[in-house]
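Both complexes below contain chain A, partnered by chain B and then by chain C.
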Partner chain A sequence: MSETIDARGLSCPEPVLLTLEAIKKSGSAEIEILVDTDTSKENVMRAAQSMGWQILEVNEESSGYKIKIGKE
Partner chain B sequence: MKFFKNLFKNEKKEASADRGILIFENTSEVIKAENILKKHGFNVKVVGPPAHIRKGCDLAIEFLIVEAMGVLNALESRDIEPLEFLPSLGGNLKPVDLFHVKDYGNFLMVRAANMKITIQKSTLTIVNISGGGCPDVPYLAAELVGKRLDNAPEPRQLGHTLCGYALQLAYDKIKQLCLQS
Partner chain C sequence: MEGFKNFFATRWGIIFVGLVIGVLAPLLQKFGNPPNMGICVACMERDIAGALGLHRASVVQYLRPEIIAFVLGAFFSALAFKEYRPRGGSAPFIRFILGMFAMIGALVFLGCPWRTILRLAGGDGNAISGLLGLISGIWLGTRFLKAGYSLGKTQPAPSKMAGVAFPLLMFGLLVLLFIDPQPADQARGMILFYSLKGPGSQHASLAVSLSAALLIGILAQRSRFCTMGAFRDLILFKQGHLFSGVAAFFIAALATNLLLGQFNPGFAGQPIAHTMQLWNFLGMTLAGLAFSLSGGCPGRQLFLSGEGDADAAVFASGMIVGAAISHNFGLASSPAGIGPNGAIATIIGLVVCIIIGLTMRRR
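For the complex of A and B:
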């Protein structure tokens, strides 16, 4: 069961900070992050990769993007 | 003796409060002017100009009004002419503070003009670079995110735009806040 972080409506760096907190605290091997701008998408992906996580999927949705990350 | 001490103290205080700003046509002129004036030993600072007097540039130079002639002469000698010289910062001509610092608990963000840098406080690792909208921002972020503040390259060595310049100011400020001994 993956955890979901809803960071839509938040401006940088908050989506990144929520993602990093989730990476730190989550016991899940996968986390889904919802964002609503291209900038937040890029920043979240970059932060996750810098923490050694992989980008598993990026889906464009009507309300933005759903990014799925997983432990390498 | 005390009288003289107080006299000089008051003069210093008055001078530091009395500042003016120079508005330039474009950012590269602001950067050039700052370098020239600092080399000449003037006490100048890059600031965001008040919104209602912006002339298409997000940055301006603040200087001590007592040094106005020297500042203008130094710039003239290098063929740099400000668009406007505002000798008084009283009332609504107060410049916008260039820096904004926000503490998120485990993280600290510094914004300078249009650029933000965020670090994790416990590790001093840069976790986010954002803002701007210039073409080199993704590159700057890719080069800096994940690196420790004391081990990261300076944005001025990597960037080519106003965003790179603003990021350097934010980077200097966050280093000043976090790496003070």
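For the complex of A and C:
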């Protein structure tokens, strides 16, 4: 089971806030986060890693990036 | 290119950028910019408002090339690294109002977050209350963010050209500066207004200002350097990434000032500063809150506008209009203290920003 967060178009620091919220609440072992800028991509990845989650996959899409993170 | 790109997103990357800006800002002062104002995004936008005649405060009129080059540097960098993405539509008018009040607050203190740090690095003790105000304002902003504050999603612009408007406006101003330089001992060119005395008359040469600021624009776009985000991320996430850049900025500026003999510790008689600490504090509380609610410090807003972010361009435009209001209606401070309407404007600004913080929510 994985959960998807659409943080595209949101300004700083909302993508990170939503990611951290999901990490805290999530029962699932994987979360997918959609972002639209490189800044958001870097910030989300940094935040996930700081919570001890791993970056499983980063895919470039037409509307930005899809980042898949997972619990270690 | 990928390795280079990632370097600036690392801890050492942002520290490197902070150090470079921290050395360049006091050098710009050495080469002619006003004291403790090697870079001040608010002051420089205020001077641009003066140069265009939007206000007529005779001592602060100069079309500061640093602002232009910040935007253009970020624009070129975004193009080169494929990060140019024209977008907009996230509550633009709210952002305009936030920009206006950010400037009004900054001009009560006499500096943006960049200059707060540069004033501290120059020994200006009055900047301590400004910094505490800035942190308080940002803290207040993080409370709203935690409660679900949001200005909503931005949309990709239908045309690639949409994001060029603000950089092009800046380029137009640069052309104006080249064809309409200050005539000797005169306060007016063909079109532009200039200062004969005061901060507006103090500036590094066009070549020096442009090259330093272009470099900063490029580096800041790559690294996402943000003087507000530094404190926000520390408060909100206990994350010190952006803060390490700002700390490096302060340390490098302090060291450079000491080396250049530009460090003069004290409270009274500090350059372009006043000692009314309550208003230093509250002015920056207002500015910090407005920056926090809009997602970036005034520098970051310029770098984002270079990436094609029309909402950031609207915020920057709000700041320029805010500067005009500040000087036209006696809100801006001077070394003598706050302006006749500075106190009431600060309070109105705080009330408006708090209402924005309370009412703009994620559904």
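Note that in this section the second predicted complex is superposed on the first by the 72 of 72 C-alpha atoms of A that agree within 3 Å, B and C clash if a C-alpha of one lies under 4 Å from a C-alpha of the other, contacts with A are read in each partner's own complex, and residues count from 1 in each chain.
What we mean here is this: a contact is a pair of C-beta atoms (placed from the backbone, for glycine too) under 8 Å apart; a residue touches a chain by one contact, two chains touch by 3 or more.
Quick caveat: nothing in here was measured; it's all calculated off a predicted structure.
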Touching partner for A:L10 - first (chain B), second (chain C), both, neither: second
Between chain B and chain C, more extensive residue contact with chain A: C
Chain B versus chain C as contact partner of A:L56, first or second or both or neither: neither
Touching partner for A:E42 - first (chain B), second (chain C), both, neither: both
First (chain B), second (chain C), both or neither touched by A:L20: both
Interface residues of chain A shared between complexes with chain B and chain C: 12-14, 16-17, 20, 39, 42-43, 46-47, 50
For the chain A and chain B complex, residues of the former touching the latter: 12-14, 16-17, 20-21, 39, 42-43, 46-47, 49-51
Touching residues (chain side chain C, partner chain A) in the complex: 9, 81, 83, 85, 87, 90, 145-146, 150-156, 224, 226, 229, 232-233, 236-237, 239, 241, 294-296, 307, 311
In the complex with chain A, residue positions of chain B that touch it: 104, 106-107, 109, 116, 118, 120, 125, 127-131, 138, 141-142, 145-146
Footprint of chain C on chain A - complex, ascending: 8-14, 16-17, 20, 36-39, 42-43, 46-47, 50, 63
